[in-house]
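You will see chain A twice below: alongside chain B first, and alongside chain C after that.
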Partner chain A sequence: MARINRPVSRRQAWWLLATAIAASLPLLQHVPLWLSIAAGLAFAWRAVLTWRHWRLPPRWLLIPLVIAGAVGVFLQYRTIVGRTPGIALLLVFLALKLLELRAARDAVVTALLCYFLVLGQFLFTQTIPTAMLACLTVLITTAALLAASDDRPAPRQQVYRAGLLLAQAIPFMLLLFLLFPRVQGPLWGIPQDRFTAVSGLSDTMTPGSIAQLSQSDAIAFRVRFKGTVPPQSQLYWRGPVMPSFDGRSWRVAQTLAAYPTIPYDGAGTPVDYEVTLEPHGKHWLFALEMPANLPPDSAMTSDYQPIAREVVRNRLRYTQSAWPDSHAGANETRAALRAALALPAAGNPRIRAISAGWQATHGDNGAAIVAAAEDLFNRQLLTYTLNPPLLGPDMVDEFLFDTKRGFCEHFAAAFVFSLRAAGVPARVVAGYQGGETNPVDGYLEVRQYDAHAWTEAWIAGRGWVRIDPTAISAPSRVSSNLAAAVPAGEGLPFLARSDMAWLKELRYRLDAVTNGWNQWVLGYNPQRQRDLLASLGLREPDWRSMTAILSILSGIVLLVLTVWILRNRQRVDPALTAWRRFTARMARLGIVWQAWEGPLQFAERAARLTPQHARDIVEIAALYAGLRYGPNPRPDDLSRLKSRIASFRP
Partner chain B sequence: MMFATLRNRLHENFVRWAMRVRPPEPAPIVLSQRRVYVLPTPAGVAYTMALGVILLGAMNYNLSLGHALVFLLAGLGIVAILHTFRNLVQLSLRPGRCESVFAGEQARFDLIVENLRPDARTSLRIFFQDGQPLEIDVGPSASAIASLGLHTARRGWLPMPRVTIETTWPLGLVRAWSYAAPDLACLVYPAPAAKAPALTWSGDDAQGATRDGRGADDFSGLRKHQVADPPRHVAWKAVARQQDGPLLTKLFSGAAAQRLWLDWDNLPAAMGAEQRLSVLARWMLDADAAGLAWGLRMPAVRLEPDNGPAHLAAGLRILALHDHGPD
Partner chain C sequence: MRLTELDAILADINHIILGKERPVRLAVACLLARGHLLIEDLPGVGKTTLAHVLARVLGLEFQRIQFTSDMLPADILGVSIFDRGTGAFHFHPGPIFTQVVLADEINRATPKAQSALLEAMEERQVTAEGETRALPEPFFVIATQNPTHQIGTFPLPESQLDRFLIKLELGYPDAAAERELLAGADRQQMVASLTARIAPQRLIEFQKQVRAVHASAALIDYVQALAAHTRTTPRWHAGLSPRACLALLAVARAWALLDGRDHVLPEDVQAVLPGVIAHRLRPTDDNSRADAEAIAAALIEAVPLP
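Presenting the complex of A and B:
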């Protein structure tokens, strides 16, 4: 093999600089400022070197720079493994590699580094715009790789060729994407920094914590129902249950998963649906009350909430069904009931007094006490608002009797407090209520502003019963949505508002596209792959059968592509065919056309040897040369050549 | 060392098997699918390893787009194989010209590379084993001439060594190559001796030169003396007239003005065969440059006196093939 290590030409250097910039620009926002500036300077340096034909900096200067960059990255992150430090290091290498482009090999290394950086982008976001940007970067990098082999074509042509090659690669990409046996990551330790803060419900509830979520219109999860969508007022998506109260905040119980299966009986018509949960950094899996099954790799807590074994760090899809009329905990443990009665020793004297009154009247008739509490909430004419006033130490009393303005967490906290004070076990349930069906793709979209808090009370003989105190004062919150329930003029997130229909329509479409992307591209995991193969009639697909199908289909694609690429377009020039007939005749005269001879040269020699045919020979050769090599042969030249040769009888 | 020899022998065996035809091959040599080989280049190996690392990263972080990226690049690699293969396959090679040279000079073998397809072949490299590669492009349905240089050491026929023709176009990740041994040989003349004895005249004349024809006396002018000029033709009078001036030779009109015989047997008996050939070659060149008609007497061959390029070529050919059997 011929080893040619040509120096990198100017054109190649420009290409590599372009691809380096394309690959690193989207990442600059994620690396420290000093590194962005250093990379920018290195790029500028490279540009000046190329532009002014200056010599490359010597090795003794570059090696300390590489070391300095690596040390800088280490000092910044205190590590060099992980997402951001790794990308920062790659950027250092890329920027300095550009300054030592000596041979074709360096060009290949640069291109490979750029491909790596494209992967780096995906660690941060995988949205459709990111994918489009990545396509552009891959296109430029491929063009640079083409230029590293042959830098003569103009840039536009180079890009065109790169696009053509990539277009031919797409069938393979699709096949591999669909059929390459997928492995659910992570393969090794979970890189902690992969996940930055995401919004969502937290495991404590203080006044204002849910109201804060209501300012976000980010999607919490999407649901697709198998049958009809249940009425809005039934869409209670059960989240963290919070039994413990310290006087100000409510917390989830520190219990591990208790039940591997559903611990209660089903009641009501089951509702089947599929949830696509956005990553939220917690274990919770949101499910319609009451869950009738558990998704894989999950269990149920002692307060009947499904939780995943692993923290939900990736978009997660699971099928669920719900029993709308079930009540859990008919035989609840004493410990759980005791926890659901605990109150701080002091505080909120007014509600305590009223509750004591209910207990005195109704004794241990929980249902009657609940009715009395609902009646109290109804009579107090409480206002549901996003901007409740600040409350002092006796929060429940102040809310119920003084300010009378609150968000769902105020309602839930006050209601549970009043029940507990009357001796009825009760607790706060956080989660989401409602959701909106996207008319474009039919998915129910549950957003952060649908976050809600409600309560459940334990009634002897029935178990835990859901009561939503917010619905007593603001029924429209539950029957329609947040916008209908809060007073006009309160700052609602854009999508929660009901005006501006066309913008909403646009947003619906965008969401549907994003959802399709999430479901089919980003969410294409081992499970979805199995489902797809099963729907193609492959029962129990495993990696062996998948590899077999993949090989067969790849073989077919390869064959088609090979035939297309190597298709025999050997249409021999008709002028050449005619000329060959002529030279064969001349060979019979003993004048053999030598391959290196031009037609005119041959004619001259042949004319000298056979002067009697000189005119024919010279004219035929001139016609042929004009057809093959002339600037613009006339259209009838070919037929004239043919007829001249046909009539040439030496 | 041993490994190197073993590797070379294995390579030789592979090449012999890969060519499938005993050299030299009849023209035109069409590089069919079966004789074009494809393997990744070092860059291709690095590319594959990089894809492996990207795939691991994509799996570990569950990056769907990372998978898509790897698969797209893998597809690109496969497409690159096809394009590289296509860039070489169905090329046709034909031997071209090869001018004779003197031993010690570069022989230039012309190889005509013909593209039968209506799209261009780009960045083809053609080289002899251990030789400098020559990079050529061949336009759509066109042909190009690759002129490969080879150092010559000995006189006689020098067959064109096997050529390797390879390409890594378009992406440099894959190399397609093929071997060919076109039927082409270069006639290598003996190197003219740097220091030859003065041209001795041999023949019927006791002095060694045969003069015949009246033309010898038809003086036509003077020119600068050259080593090969017979001393008898030096214009001594002219030299005497202008002291320190260059020696001048008298020229005589008529194509066959001077006939001289270059005689193998007249060279000193102590001279070896190769040395004799060298001296004779030098004499021929000198005689030709002087415009003399000369003849050659070899032990087995005799070339009648004449002059001109064809005559010179015939004489040198006799020298080149002396004792090499017929041809």
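Presenting the complex of A and C:
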């Protein structure tokens, strides 16, 4: 392969530089600054080399640079394996490879490195813009690869040719995507690197922690209901249950190990739905109250909270159903009830006094005490606000009797406190309340600003009963949404607001597209694949039948493309075919016909080089020239040319 | 089909213009293709002699116009003068009314005078004082110009350059040819003693034959491929125009006829390419004033035969 050793032309060098820049730009945000600067310098060096026709740096300079780059990456990350160190190392190689573009071989290696870096982008994000950017970069890289083999066409033509090549690959891409046997698990997730912070509910609740979430309009999860959507006021998405209280913050039970679950009876019409949960870095899975079954690879804690065995680091899809009217824990353990009564020794004297009064009046009639507490909350005319004043050590007292302004966590904390002080077991439940149906694709979108906290009180004979103290003072929070409940003028994420309808409409469409991408591209798992094949009439396919389908369909696509290409191809002049056979024979003698060389000119050159064949060569060339360029070739000229060539055996 | 007459003509010219077989052949091909010739070179390399010889050997009338900066169109085309005897204006034809015109140092004249000549070349007729007069047939202009960077020149614009079918550079003769020239007889006397090889009528027949030379589909594909390459490569400001392609084909036909063939080969196109395209393509990289041969060679090697 002599072609692989051809020197790299200026134009090819420009192509490769452009490709390298396109492939590495999106990755610079993930690598350390020094590496970005070093790569930029290497690119600039390459540009100057090409521009001024300078010589390439010598090997004794490049080898130390490679070593320095690799050592730098190692010192930065203390390893060279893993996502970011690996990408950083590839970036070092790419930048330095550009400085040793000696032969076509180096150009091909550079282009392949660029393809690899494009793939690397997906290790960080898999959004639609990333995919679009990757398509563009692949186009440029392919054009550069084409230019590496033939740099004569203008850049626009190279891009056109690359686009044509990639367009021809699209049917195969779709076939492989849809039909290639899928493996379970995320394609792009590399667990060790996914420690980045993601917003979501935490396992503690202090005043202000949920109000902070209300400033985010990021999607927490999306839900598709199998049947009708339950009324807004029933959409309580149960999250971490927080029984323990230290005077300031509420916490989940200490361990997340699976508790023995206490069963409860189903009540009400079951609601079936499918959740697509965004990664949130915690174990819990949000379920509509009360969960009727568990998603795979999950367990339920003793406070009826489904938790995943693994931290949710990747987008997760699961189907579940709920019994809306169930009450759990009619036979709750003593330990759990004791935990649900625990209060700090001191603090909040005013509410303690009132609660003591309720206990004196109603004894152990939990329902009556709950009613009394609801009545108290009602009479206090509390204001639901995103900007509650700061509270001192006796925060329940201050909230209920002095400031009277709070967000859902204030309400829930104060309510649980007042019940516990009156001897009624109670606890805080965090989660999400409500959600909004996207009219474009019909998914219910639950966003971070739907985060909410409510309470559960244990009432003898019934079990845990949900009471939402926020709804007492701000019923519209539950019946419609956050925007309807907070006073006008408070800062809300714009999606939570009810004005700006067109922006909202736009955002709905964008969310629907993103959701479609998540559901059908990123979330195309073995289950989805089975569903698709089933809808094509292929039930329970094994890998053999899938391979067969894949091969057959690929064959059909190939056939269609071949027919299309053949139809567009011009018919080749038989004289030209014969001439090519002749020149191939000459090439074996070491006399290579240049594609631009006229027949007589070639014959003259060849005859000079091999005088022993001169007569044959000149006559064949004259016959061919007459056939291809002459006015009216004699009918037997073609057969004469063919037989002359056939008998020409140098 | 060797055309001995044409061979004899070429031999006669080469006998006087020494060591310039290719430019001479191109000049004759240009004449056979009914085009006009532009010769750009330094003074004293034989431009004028070439024009003289061509006219003599073909038996054509010859006139020379020395262009100067104060020249007017009437100095070329002719002028009407009042004749007292008849009491009417009488047209005195200018030097252009001849079969071979040598327009010497055309870029010394102002654009006004240049365009008078160029219009006549294109139309093959002269319109003066409302009357149109046809120029003789055959009509052949050989213009010479000094390299444009010389002082006191008005460079011809690209659109005017296109009127010339071929632009030649003669260049210095090689040592052997120059020695023969120095040692040989006086060129002017040799020119004067030349006799016509053919009659003008025969030249017109040859010109007709040129137009009948066969250009096959494969060859036209090749011309198109060459043009397409010049249009898509960023090396030139603009690619070859359709008129340039016609010119290329016409000269290639003449070249094939000079070779005694009734059909054009890619070799013919390649051989005439330097003369046809060099004044029609302007490189984008203005610093690289590559010579015509190099430009043509680069183009040829970039375009495979279809």
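Rule of thumb we're sticking to: the second predicted complex is superposed on the first by the 541 of 650 C-alpha atoms of A that agree within 3 Å, B and C clash if a C-alpha of one lies under 4 Å from a C-alpha of the other, contacts with A are read in each partner's own complex, and residues count from 1 in each chain.
Throughout what follows, contacts are C-beta pairs under 8 Å (C-beta built on N, C-alpha and C of every residue); 3 or more make two chains touch, one makes a residue touch a chain.
Keep in mind that what you see is a predicted model, and the values were worked out from it rather than measured.
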Touching partner for A:581 - first (chain B), second (chain C), both, neither: neither
Partner chain in contact with A:573 - chain B first, chain C second, else both or neither: both
Which superposed partner A:462 touches (first chain B, second chain C, both, neither): neither
Touching partner for A:10 - first (chain B), second (chain C), both, neither: neither
Contacts of A:119 with chain B and chain C, given as first, second, both or neither: first
Dominant contact partner of chain A by residue count, chain C or chain B: B
Chain B versus chain C as contact partner of A:157, first or second or both or neither: second
Which of chain B and chain C A:630 touches, first, second, both or neither: second
Chain B versus chain C as contact partner of A:596, first or second or both or neither: both
Chain B and chain C contact sites that coincide on chain A, given as residue numbers: 573, 594-596
Interface residues, chain B side, partner chain A - complex: 27, 41-43, 46-47, 50, 53-54, 56-76, 78-80, 82-83, 85-86, 89-90, 94-97, 110, 112, 116-119, 122-123, 125, 127, 133, 135, 141, 145, 164, 166, 168-173, 175, 177
Complex interface listing, chain A residues touching chain C: 152-154, 157, 573, 576, 594-601, 625-626, 628-631
For the chain C and chain A complex, residues of the former touching the latter: 214, 216, 218-219, 232-234, 262-267, 270, 300-305
Residues of chain A touching chain B in the complex: 1-2, 4, 83, 104-105, 108-109, 112, 115-116, 118-119, 122-123, 126, 130-131, 134, 138, 142, 145-146, 148-150, 161, 165-166, 168-173, 176-177, 180, 182-188, 191, 194, 314, 521-525, 558, 561-562, 565-566, 569-573, 594-596
